[in-house]
Amino acid sequence: MKITTQSLCGTMVKEIAAISGENVAKCYQCGKCTAACPVNMAMDILPHQVLRFLQLGLVEAVLNCNTIWICASCFTCAGRCPRGVDLPGVMEALRAILLRKRGFSRFKAGDMPRVLNKGMPEQGIVSGFRKYTK
Amino acid sequence: MRFSYYPGCTLKTTAAVLENSALKAARALGIELLEQEEWQCCGAVFPLTVDEIAPFLSSVRSLAAAKDTGEKLVTLCAACHHVLKRANHVMKTDKDVCNKANNYLQLPDQYRGGTEVIHYLELLRDELGFSALAQKVKKPLTGQKIAAFYGCLLLRPPAVMQFDNAENPSIMEDFLRTLGATAVDYPYRTECCGVYLSVQNEEIVAGMVEKIINSALRHGAEAIVDACPLCHYNLLELQQKTTHGKLTLPVYYFTELLEEALGLEDRAEEKMAI
Amino acid sequence: MRRIGVFICWCGTNIANTVNIEGVTEAAGKMPSVIYADNYKYMCSEIGQSMIKEAIIKEKLDRVVVAACSPRMHELTFFKTAAAAGLNPYLVEIANIREHCSWVHKDKQEATGKAIALIRTAVAKAARNKELWATQIPVECRALVIGGGIGGIQAALDIADAGFEVDLVERTPSIGGRMAQLDKTFPTLDCSACILTPKMVEVASHHNITLYTFSEVEKVDGFVGNFEATIRKKARSIDLEKCTGCGICWEKCPSRVKSEFDEALVMRKAVYVPFPQAVPNVPVIDRASCRRFTREKCGICRKACPAGAVNYDQEDEVLQKKYGAIVVATGFDILDLDDFGEFSYGKHPDVLTSLEFERLVNSSGPTGGRLLRPSDQSPPKNVVFIQCVGSRDKSRGKPYCSKICCMYSAKHAILLREKYPEAQAYVFYIDIRTAGKDFEEFHRRAVEEYGALYLKGSVGKVFPDGDKLLVKGVDSLSGHAVEIEADMVVLAAAIKAKSDAPQLARLLGISTDTHSFFTEAHPKLRPVEAHTAGIFLAGACQGPKDIPETVSQASGAAAKAIILLSKDNLLSNPCVSEVNESLCTGCLSCIKVCPYGAVAEKTIEEKIHGKALKRRVAEVNEALCQGCGSCTVSCRPGAVNLKGFTNEQIMAEVDAICL
């Protein structure tokens, strides 16, 4: 893998910083976030690795992982991170890039009857729309 | 005691039990909760992107309206509380966003985060006081072993929510003890229930819920209480997914217990989510 | 019949776990002349010491044996205890049943047997101990500081400020050491020269300090309080008094050689001042490269010098000086990288050591601080820093951590970005060790504010690729092998001891560790003292150190020296040799073996059968004798005896142990 100034400071890297308001360089890879994450078992890249990949400019790798969709925005990691990294914010920025720009939608109107039938509260449905669609 | 009150969408529909019991209890406790006139959905999740302001404008409207009446703004749904409290924090600390929001909303008075957002539990603890509440208890829940489930939204991120000690909270246990119940301590009480993942990845949430329920059971719980409609749904609905339809641990809103202890209504038979 | 008391220490569980204390006490009680034996958990404690004192008085003990830890640890403690009870301290013997027994044995029965044997030996010796009295020796109230880096400078200033005269001996033409080579210093990034130069000037102008630059210590005799040193002032070929430092000589000099101070990145002249702020600001002629000396031609500088200060005939001066205390502050070198061929160091001009990088960013350095690639004088965009080159490397380098590289690499990453805001620093590291005050914060600033990309892992190979250097390494955190096209590669070469440190150690009679750093007397409790009394250590000569640590140790060493110099007299060690003249045959083999020159010959007059006869015998100068005992073993008739360790005592010990 080649690392260059372009790959480190590319437009995507800058965009992620702008959307999340977070400087991924703050992370020193202690792994606290991953250790604390309640859904780490379902992720293909672990939370701290998401940050490492971003530090190395490997944006596509993190945009293609399932981790950003598995993250529950539970803020367990953010509350315990010794460097004060807003990792849920970074996850959101990654989702936002896919939703806004690449027309991603993981929760469509057609899915509604399924969840409604189960008695899913509005809070869940609205959250789903907010997190999974544009 | 008078407060502005923000209900939120879910309380008007699937979580009506939460609202009804809370309002009834408040009346019995002499607390006046004035529902805001024109509230809008808070958006259910706090927008974590910092480059757009639209998603929390509705929250700012409610916050500003509460300030106009000079009252603290009481919330009940954990999600609404989370969103309003964090939106308010942004208005207080981020000048740039604050200016943009004010410009956009064209409010009669500039809003700069002056409203204090408190959750119903904080209302009981800090405004009424648990000792005053204890005196109003008519049917103490003596002998009942109840596990409190906090979930994420009330506690985290700790620096903004300032609800309780995020890693070792006690407000719900203190509340349960005030009602005469025995509070069950168990390690999973502050874990995430899986929240909106149940929209897409039920199996993940089922696993998370199973851990929570089993932990509470192992520590002797006979029932579990929560303060969030989505936690409630996950704990009830997905509990049954792993237990093949059997409900091993009943789930209540904390206000249902309050209602019962105040002698207002017997707790309803255990109901399924649907 | 003697009245010997034996006191056995448990040392908590240190001894008691491996040695049957009760059994040993019982056995000791039955040894010849022993009239009292007891044990206690901590003999060195207040209570333990009172036990000994009380027994000395009540039981009228005339000899004491303490079976405990090494005499290095507590001999003095128990000497004082005995003295407090009115017993001459030299009547106390220590049996070391900890280091020599419980710590090195596992089997309790065997260890108990050995402890008994060791005590029996000590009892046999104690029975023959005699009262000894220490005498007073005057202290020479002057200090010698060897090495004029920041460590030596600080020590010299502190001792001088306390009112004692100091001679500071520096090998190179100027004081300043490595710190003078540095640009800015972590963790505050203040300019090295700005904080060092005032101290250098203070040394030069201090009324209590005499500076000997371009000088070396050749020999040290004597002992604590009374050292005698031989100092060679190498011929500078320039008259220090006449020179005005105008610089005409080195402007005119036609001879060019690589500058040591600039890490051979540029050339200097044969007559030179190593750097502009040098103290003294007087050049020297490097005779090895001067045409006047190598080819007997030239002589331009003498003609050019308007002050007439150039003197080709100047000779080395050798001085003899006396000192009460010595501070050693000779600093460090960096590892030679010949064994690390994979980095292309020495093969490609843009692969540098960190010290070379310091010179390149330094405004008084070869590029005036512009930081340009040596190959084409262009500003570098991508700079790869590699930490732990030879540090923590058991195979090709040094097994220890060089301690300062994490910090100076972070500093270099910051300096790079300050010079060129567009440049990118990459730092390969194994661990980040930033334990000093404000150090971690400094390192995080390099990462978070200056955007240095830290990669946990090593570099496998660096090689030229077009006009770039291809760096092949690994980021073990992400699990990716990485390749970086670098404009410059900077190697944090391990810190190592000066290559001549062992020689200096031998000259001073102090010890070095396996890596040739000078050894402190105790790693925790006596970190600034050498094993030899009166010699103190400061700075990187004792182990890798940064400036704050060097300065602290230097002030510590100075304080120790000041304590020593403040005494009018020292108590001598009474365990010195004495000659029994009636047995001495006058062969004088003792004179040859004495390393301290403490034995001399003298003539005595004897009356034999009424006739007066003159005879040659040996005589020991008690002030010089260090009690090493070499003479006693060389003496065939057994005329020389070391007090406190007489032949009779030692034979009694041997008998007791062989019993």
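To keep things simple, chains are lettered A, B and C as they appear, and every chain counts its residues starting from 1.
Heads up, the rule we're going with is that a residue touches a chain if its C-beta (ideal position, glycine included) is under 8 Å from a C-beta of that chain, and two chains touch if they have at least 3 such contacts.
Quick caveat: nothing in here was measured; it's all calculated off a predicted structure.
Peer 1: Name the shape of the chain contact graph, picking from line, ring, star, complete and other.
Peer 2: Line.
Peer 1: Counting contact pairs per chain pair, which pair wins?
Peer 2: That would be the chain pair A-B.
Peer 1: Would you mind pulling out the distance in Å between where the CA atoms of subunit A average out and where those of subunit B do?
Peer 2: 25
Peer 1: Please work out the Cα centroid separation of subunit A and subunit C, and write it as a whole number of Å.
Peer 2: A distance of 55 Å separates the two centres.
Peer 1: Go ahead and note the Å separation of the Cα centroids belonging to subunit B and subunit C.
Peer 2: 67
Peer 1: Which subunit B residues sit where two or more other chains touch them?
Peer 2: In subunit B, no residue touches at least two other chains, as defined above.
Peer 1: In the complex formed with subunit A, which residues of subunit B make contact?
Peer 2: Those residues of subunit B that touch subunit A are 8-10, 13-15, 41, 43-45, 47-51, 55, 77, 79, 152, 155-158, 166-167, 191-192, 194-201, 204, 207-208, 228-230, 232-233, 237, 273-274.
Peer 1: Looking at the complex, which residues from subunit C come into contact with subunit A?
Peer 2: Touch list, subunit C to subunit A: 381-382, 422, 424, 426, 444, 447-448, 451, 453, 456, 475, 477-478, 480-485.
Peer 1: In the complex, go through subunit A and note every residue touching subunit B.
Peer 2: Contacts found on subunit A: 18-21, 38-39, 41-42, 69-70, 72-76, 78-79, 86, 88-89, 91-93, 96, 106-107, 111, 115, 117-128, 130-132.
Peer 1: In the complex formed with subunit C, which residues of subunit A make contact?
Peer 2: Those in contact with subunit C are residues 1-5, 8-9, 23, 25-26, 28-29, 49, 52-53, 55-56, 58.
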